[in-house]
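What follows is a pair of complexes built around chain A, which joins chain B in one and chain C in the other.
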Partner chain A sequence: MSTSTSTAVADLRTVRRRRQVLVVAGMILVVLVAGTGALLVGAAGLSPGQAIAGALGLGDKGDVFIIQKLRLPRIEAAVVVGAAFGLAGALFQATLRNPLASPDILGISSGASLGAVIGLLALGLSGVALSGLAFAGAGIIALAIWLLAWRKGLHSIRFVLVGVGFAYLCSSLLAWAMARSQEHEAAAVLTWTVGSVSDIRGEQLALVAAGTLVLSAAVAVVARLQGPLSLGDDNARALGVHVDAARIGTLLLAVALVALATSAAGPIAFVALVAPAIARRLVNDGGAALTASTATGAALTLVADVVGQHALLGVAAPVGIVTGLVGAPYLLWLLATTEKRSR
Partner chain B sequence: MTNLRAESVSLGYDGLRVIEELDLTLPDGKITAVVGPNACGKSTLLRGLARLHPLDGGRITLDGADITAMPRKELARKVGMLPQSSIAPDGVRVAELVSRGRYPHQGWFGRHSSDDDAVVTTALESTGVADLADRPVAELSGGQRQRVWIAMVLAQQTDIVLLDEPTTFLDVRHQLDLLDLLTELNRDRGTTVAMVLHELNLAARYADHLVVMAAGRIVAEGAPSDVLTREVVDEAFGLRAQVVLDPVAGSPLVVPVGRYHSSAG
Partner chain C sequence: MLTSPAAAPAGRREGAEAVAHRARRRTIASATALTALLLVILASLALGVRDINPAEVWRALTAPVAGFVDHDVVLDQRLPRTIVGLAAGVALGAAGTLIQGVTRNPIADPGLLGLNSGASLAVVCAVWLFGITSPIGYVWFAFLGAAGAAAIVFSVGRGQPVRLALVGAAVTALITPLITLVLLRDQQAFNLYRFWSVGSLTGRGLDTVTALWPFIVVGVVLAAVLSHRLNMLALGDDVATALGQRVGTTRLFAAVAIVLLAGTATSLAGPIALVGLVVPHAARRLVGTDYRWIMGIGMLLGPVMLLSADVLGRLILPRAELEAGVVAALLGAPVLIAVARSKNVVGA
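So, the complex of A and B:
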């Protein structure tokens, strides 16, 4: 009876997978195009030949410096940090079953920033120790939201509301820290409040890249749980998922990704909110679109950074300002349409 | 042979007891319907049986073994449950949703095998939604959607299927449609079916075993024709009614009296 439909079911899955691959490939293409542009364009314009020679360490010493020490690390940083934010956002939104429940809206990113700023200003820390404090900040906020929002089960709207409260608290404390800081520290504090990828290179870049890679590998383990979880707690349990453990495990990984990315680049606004939304819309299969969100986050952040450096009138703007300009209207649109749907 | 049974089970919410020391055995290979007034604890009982709600006391056993001592995935291969009003995520398509029923049969990195595809296909076909396989679930009608969810539970390949008010939000025709489908499932595969139903007369017609609950306890249980009497309806629902024979199925038919239409008492 059913061999034809049985292959039909397999075919549908192939179509679905092909679409995911297509979206990821498209985003990688965007990264390549934007990355090439960023290598060539700048205060010192380089020809493609000069850029390739510079990347390989050949040719003019000045070109090698510009490519290897300035432009390439900035591109790599944007890609890595954007990928981490994109994946973290997708995990948050999927496991809390709410497109608004993203770490930037929930205050997890600002928690990480606050931790870093305290480390920077009060304790004079830098490097890995500073990242450690960013982790602590993100972790404390995540735990506090969990404790206040958890009522024997998930109420995602309560998560969002409690999280928004913490986001405000953290940004007020950040502003206060900025007001108290010395002038020479204020630039660094600006990174922690707006987000920038301009100063991530060398060891720090390697650390963030390696950490993101390890965490992404760990995400592969919890990825399969997102299918059942997206059907609601009861359905997921009936399918044999330990719902609370699955959700806590997923959120821990996502918080770690946010903390890692924020400790290097600050809270780049809205990437974690917007990238998964774009990815899900493109893939459109009802899944969490984790891989596509990762690629979209990387592409979005890199493009935003290129735009911020070259395409905004007047001064070069840090990437967080550009993503904010794109993300805020999206957030408003999301709020408007969510309202409509719930009526 | 699988036997799901509640042994002096107590269930509640935040210390408020809904069910106190209740015993129930689901007859193997039969259709059981649980009926009762709102808030009598029938849904809570079903959720307890599926391990969706923690017990305050007693235990639920499957073939004599406590289900809480069992890995969740193992239980999910033996007992399927369709909770009340499930909502599919945006964009998910029929075949993909039904495929999620295979989760308990897959390993950590389990990919879909051709066996999985065959099971999903059979589930789609036996619920009559094979034509809709590539349609987004959100675009379907209520009746179609409910069939898709049942297909998902079928893809789980369990010997016992529990359903919490599967006919809610469906019109009469689709209610009958769905109950016929569950009857076929029971007859063709020998699946034990237990469901909470609102509609007394449909429950009486489709169930082999009828459980009438009120205020957290079982008022009466057994064959519908033995159980569904005027006295039981009055005791459970506080409802004056006449019970006549269903001219189609020969099962008891409850005709409520109300305040303005009473003729013969």
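So, the complex of A and C:
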């Protein structure tokens, strides 16, 4: 009896693991297909042969430049940033146990935009220094939201509302900056409020990728606590978990991931909200689906960027527009249906 | 009274004292709000880069001398923005009070409910599709946009007052990329939007007020009539229904009034955030929980806050001006955060 139960559990575990692997593999496949498409399609149409030659540094100099300096970095940036957003969103949602929790709604993103715009307009920064300021902006706003929303624990609605307050503060300052600046500067401000992966390359890309890797490794260590935590605070405590410390640690990692991704790309809307939701639905094991969320985030962002570049109203739209148009209806649907469920 | 036993009148006397106390409080509140309004109107006419003393302001209004710079500044620049601020402020104060009353949600405001983003989208579309760039042309689009956003927010957020701000945020998040898309396509729309979106009392002259004041009047009258019903609604839908109120009708008329008022304010001054949120709270502090009084005081405090923001914005920076919308958000965000932190909002 007990052996048959344990084999049943083991079977179930294998099934679940297989499902997770399947989802991650599927997302990687999506990344590969979309990435190949992004390499081949563009203002300069290249044949597969030319693209491969360009990627290897052979062939026509122009092709090499287009592939190595323009298209590949953009694809890599979309994947890295998307993965960071996906993982951060999964952490937020698992820790706050709320499918609504995401940096877009928590107001952290607007802090990054504000930091970047200050660096752009007032200090004339660019590249890594600009990202540094955006990172600082996200961190400061996150900390402020945190301190103000904390009252004997985190209540998610209060957290969200304090975030909305900060979002208003930041966005009115951004609007002011946009009205005050020159025409070309204003366009840059606009891009920073939407989120785009078109200008991340070289040193900056390497930095974001390395940072995301390090943070993901840290998440992998902390992730072992997600299981007990998902059982509720009291049960987790009974299992010997320092609940508050674990929660704060996890959220700090999530904030760092968001700040890193946003500092490079700007606030790409809703990837952190939608990717974990899709991943959870696909894996469907009741867990946080961290790995699957990461892969889904990468796939989602890359596909959105390809769509924005080539298939939207004849404008080369930044990726944030596409993800916003996909994510906001999902959020509305979520709000409409949770209402019914709670009744 | 004279012949009744000792115990009963003591209670009654306390009641009478409470009534008298409340009446005194309301009188003081009304007087304070009115004085504040007059002072801020005067400040709006007198203060700025060029300081003009009150006597000269009075002369400019009563017996203007053509060609005298002080008088021209008062009449051509400060008077129009003061009138725009008055009209938009009254509208925002009333709209905010209505929204908070009808949703029983202390965190509600035309901006939070996505009305401003709807108006903005309609305005940039008007520029992009029809090439309309004059304020008097695009105000109607602002109106339509605000109404559309309100319809979505109210239908999705129905029955969940606390969620309403979230639904508004989601609708804003849906509309913002659409706005950005238009802005990327159309440089003319972008240039107009940059100055529209910051929220300002300048830039749209008196002719917009002349065109739109009937909407404010209708909205204000509706709001005043509905404020009594808001008192019953505050007790809950069931109680209000039991007291003979048609809750659905109240909500419908309130929605109409909100769109009229908020739409007009946004058309006049652009998307101004948080005035509609802060004003009802301040009014509640002054006069208590009776919505008839909150509404009245709110209509006075709306322009007080908006005009103060405008005047402050002229004075804060040495050479540049901060638009009223920016200052209003800077003043209002701490209030929003304080309200969000207070216990009775989230129930924990």
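Everything below uses one rule, namely that the second predicted complex is superposed on the first by the 342 of 343 C-alpha atoms of A that agree within 3 Å, B and C clash if a C-alpha of one lies under 4 Å from a C-alpha of the other, contacts with A are read in each partner's own complex, and residues count from 1 in each chain.
We adopt the following convention: a contact is a pair of C-beta atoms (placed from the backbone, for glycine too) under 8 Å apart; a residue touches a chain by one contact, two chains touch by 3 or more.
All figures in this text were calculated on a predicted structure; none of them were measured in a lab.
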For the overlay on chain A, clash or fit between chain B and chain C? fit
With chain A at the apex, the angle to the CA centres of chain B and chain C, rounded to a multiple of 10 degrees, reads 90
Under the stated touch criterion, which partner chain does A:12 make contact with: chain B (first), chain C (second), both, or neither? first
Give one of first, second, both or neither to describe whether A:310 is in contact with chain B, with chain C, with both, or with none. neither
Partner chain in contact with A:239 - chain B first, chain C second, else both or neither: first
I want to verify the contact counts: of chain B and chain C, which reaches more residues of chain A? C
First (chain B), second (chain C), both or neither touched by A:173: second
Is A:325 contacted by the first partner chain B, the second partner chain C, both or neither? second
Name the contact category of A:69: first (chain B only), second (chain C only), both, or neither. neither
The superposition places the nearest Cα atoms of chain B and chain C at a distance, in Å, of 13
Chain B and chain C contact sites that coincide on chain A, given as residue numbers: none
As the complex stands, chain A meets chain C at residues 100, 104-105, 148-149, 151, 155, 157-158, 160-162, 164-169, 171-173, 175-176, 178-180, 183, 186-187, 190, 193-194, 269-270, 312-318, 320-322, 324-325, 327-329, 331-332, 335-336, 339, 342-343
Considering only the defined contacts, which chain C positions touch chain A in the complex? 107, 111-112, 152, 156-160, 162-163, 165-167, 169-171, 173-174, 176-178, 180-181, 183-185, 187, 190-191, 194-195, 197-199, 273-274, 320, 322-323, 325-326, 328-330, 332-334, 336-337, 340-341, 345-346, 348
What does chain A use to touch chain B in their complex? 1-2, 5-10, 12-13, 16, 220-221, 224, 227-228, 230-232, 234-235, 237-242, 280, 284-287
Chain B residues touching chain A in their complex are 47, 50-52, 71-77, 80-83, 86-93, 95-97, 99-101, 103-104, 106, 108-110, 112, 114, 117-118, 120-122, 124-125, 130, 133-134, 136-137, 156
